[in-house]
């Protein structure tokens, strides 16, 4: 079995998860290098993952002749220079989202990727690889719901994590609730409607954790999109879901609709007790999307091996960023915003 | 609109419910008489239901020329004589289940009913009129699941009522858990499989409320039936359902299956809270089958008006009794019992 | 049992349903009069409902000394004069929604109702009486979801009825999709959030039945509301639900959420066949809300008997109309609309 | 990370699945050897899995000093001699179920395992490792349903596979429907009730595929068990589930119950179309239990590494076999069977 030799940059929470998948769960990948400025992360790679090559400098890792590809799981602000470096070294790239912090940086990365058409550049919108979302897409392509014309997207983080998020100092730097939370939902809307929105109007509120207001952000936000092809998008993002991590997406078409996870069930067990029939829910995104992270990296390796286009490309990253900023602009201004690309 | 003029005998808990339905909810019925040996019940009929004719003697009520039919909701031990009396007076009969206390009495009532073929004799297995069960039957008749060959029936009373049941003194007189609880399930099995069982083996246990043992009965029982046509029945009855009143029936056929109320939902509202996604359940049989009681009486009136056969007849009552006693015999003896009719 | 004597005006589809309920299903009501300019409707009232007093003139019916109350189920354009007439005659009023065609007419009716504070004026937002919605409200009042701050409302009529609707000539006269369809959803939003919206932005599209465009209306529309207390409303109305009549409402609070009918189940039966596990759905509003119509009229009669305030009052009618027109204004103008009351 | 070095014997359908898991999905395992008498299977191990040591003789593989453990996925008739050989060579053993073909052979293996108490002997009842079943067990251990006293188990293979099964010639050699199909359900009953059954009565029928009768077996069977501690078991196994692979288990306790997969959902997507709300179901056991197979092997490796007792031991295998034969005896004789151990 041909294996893609990969080096990973960034071994924080998500990077560590990717590294574990690359090391142990993905048949067509071999994790041969790791790069981090945090010594403990390199120790982890060496001792737990048996990674052979360890780097504290991204350029040096790219210079290794033993790598076919790199996985970039660093803060997005570093993505433009790291992408450039990797492409110049002839490496295929799996890049975590968000693609970049600004639309300008996204555009720069687009140009770089275009300059190396033979190198795969895949972006980490892993929901597209989730078995339930992939099934929904397949059913739609088979015609199960006719032509899709409306998407209702919901993404609410667990309330159990809200206070620690507020303590972390992350919120003021997050870019605001839409930039921070909505990119996956925006990507799914585009994917399912096969089109881009041309306008957005958004609103926000904070009811439970007033510190979101103090930190210049919102606890809950909602938006309504019109798409160029007549489609409509409804979006709800929030940070205080009491029952768990609630990601739900409904795609409505002319002949039916598909709803993904209206009950974000933890598993197939149903408890009947004094309260009634109780379905416990997933608690956070690693629990919900654990499998998707492995599938997306396996798909990346397959794309490299087979010379195929990745399912999620650089333009998907730029557009999610543009649309996210339009949501933010509407939220900040209280006005309807026309989205330009 | 032609209305059937009805007199009701027995205004206990269930009789009262039937009387209210006849007085206020059934367009083709007019409740004109009530019979009870309990003065307060007659007061209720007079004051709350505006019933014109009040009797403390069943025979006198039957003698009234103003009645087309009688609803017999008295203890089953009185059914044989009351049925005879009503038939001789030319009244159509709606008779609550159980048809009678012994198989002999059931057979007597059969003979009487046969002697008056022009009078409708309907028995109160109201589940057949429940919209969900009626829908299941209709789908099966339309071929939705092919030929039915197995029924899995569950009927468990709410645990919330167990202690008051044990306090009531009813259990030792109930005939045992199968006679007391299983007749509806047995009737549904026969109805869906369109056949009669020829053998039964049953077992019982008591785990939570040891007083069921002290009172000579079981808290939970299960039985397995073979049917003459090759069908199989699985039955589970119990008295300690913590989440509410759990009646569930699965009918399995060659092309599919239908399950009625795997979650005995109280209504269409789903609560998401710290425990997960919670569906509250129905608490007792009046809540679950409230509508069915009205529908069965309306159907009885229609059968009378249109000269039709009732959906549930006297033989259904005899057979449910025979099968119930076979279950009891197996439970008492620990042996497989062949069922004779 | 004290009964409210009622005369009904209007025996079209919905009026007929109300009349049947009043005649046969509501213990505390007695239908004594009917008014219609359609002779066949009066024949129906006389022959099927045994109504004693028949009128072709609303004022004459109001003059009858035998009536405590009137049920007005006529076209909304006639409501102001009929309400005035009934109030002057001292009759309690149950008035179908919409309260009136214009906000001015609503305000006129408000004034009239205020002039007769001892007469009950109840409006027909029957969803509030639906057992599932009433349960949701009760759970919320008990604190089950903390403080509600967001409502996501969906109301989509069955696609099976779309073409006949388009053939009927009704659409161009309907006031547009929001006026025609959204009043119940708007009322529920206000009821659950206990507040009024102060802004709305709405969009619409037509994808399946292009005749909606030809007739100057939309097939699908969506809106986003901000409420004065910080609440958010998301609304989706449509006319092409393939799986049946889809009314769904989610109320999100600080400690949980409640979702009413995410699957608009026809009943409690679940079919397992080649396609999977299939829950058949309700086909139309009479099937979904049949019970609610009876409950709201029984509640009206109780309010009259007990001298209580009705659950839905005249102001609820005015506000639903004002908000509906604001939705329409936004849809027509493409602009965010501030809602004034 | 310490890894258990494993050799696998048998690379048929299930062996291949285990080998892929060991090679690519289980961090604490290293697949170093493979043994098969089928050359193509060894080619697969060499080329696809990069297995270093290849054998056509089980004893030779056991002689390899490079192995800590063996996974035995061969026909059960070979298990006694292979287990003996491996134990003598000092290897830990993961053995696929059924433990052996006869109770005598099971007892032999028990004795062998007892002679090597320091070697882990784990049996492949993988359902105990399924996240939903493991969750159910954990909730029960936490007290969520009080004391379990009844298990209702259902295991029905997909009808889509029935004809090819009948063509395969396997059925007459399968030992009958209970031996072939019920061992997992029997193991779950024992696990959840923490006890052994002391009697069983079983019945069978064939309705759809008459060839099951021709081949001396049944299409559907049901059994009822009493347990020594008063527990009751209901079992339904079959080979003609139209909607997919239906494994369902309900554990009923004094304070509630847990039902695992009443709807064997394929994923979290729900389709709404003309038929209603449709949940597609899993098609077969690899789809349903794919994850469980990997988890059980990872747990085996952990048990070896940590010197722990395996979750499923040799006695579980013997008892499932004894109980299965008791079911068969009852089915064949039509009599209640007392189970001796």
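We just call them A, B, C and D in the order they show up, numbering each chain from 1.
Note that in this section contacts are C-beta pairs under 8 Å (C-beta built on N, C-alpha and C of every residue); 3 or more make two chains touch, one makes a residue touch a chain.
Every value quoted in this text rests on a predicted model; they were computed, and no experiment measured them.
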> Taking mean CA positions as centres, which chain lies farthest from chain B?
Replying inline: A
> Counting C-beta pairs in contact, which comes out ahead: C-D or A-C?
Replying inline: A-C
> What whole-Å value do you get for the distance between chain A and chain D if each is reduced to the mean of its CA atoms?
Replying inline: 37
>> Counting only Cα atoms for the centres, state how far chain C is from chain D in Å.
In response: 56
>> Counting only Cα atoms for the centres, state how far chain A is from chain C in Å.
In response: 42
>> Which positions in chain D are in touch with at least two other chains?
In response: 242-243, 255-257, 259, 262, 265-266, 270, 272-274, 280
> Of all residues in chain A, which touch chain B in the complex?
Replying inline: 242-244, 246, 263, 265-266, 270, 272-281
>> Give the list of chain B residues in touch with chain C in this complex.
In response: 1, 20, 23-27, 47-50, 131-133, 135-136, 139, 144-145, 255-262, 264-274, 280
>> Touching residues of chain B toward chain D in the complex: what are they?
In response: 146-147, 149-150, 152, 201-203, 205-208, 220, 222-224, 226, 230-232, 234, 236, 240, 242-243, 254-257, 259, 262, 334-336
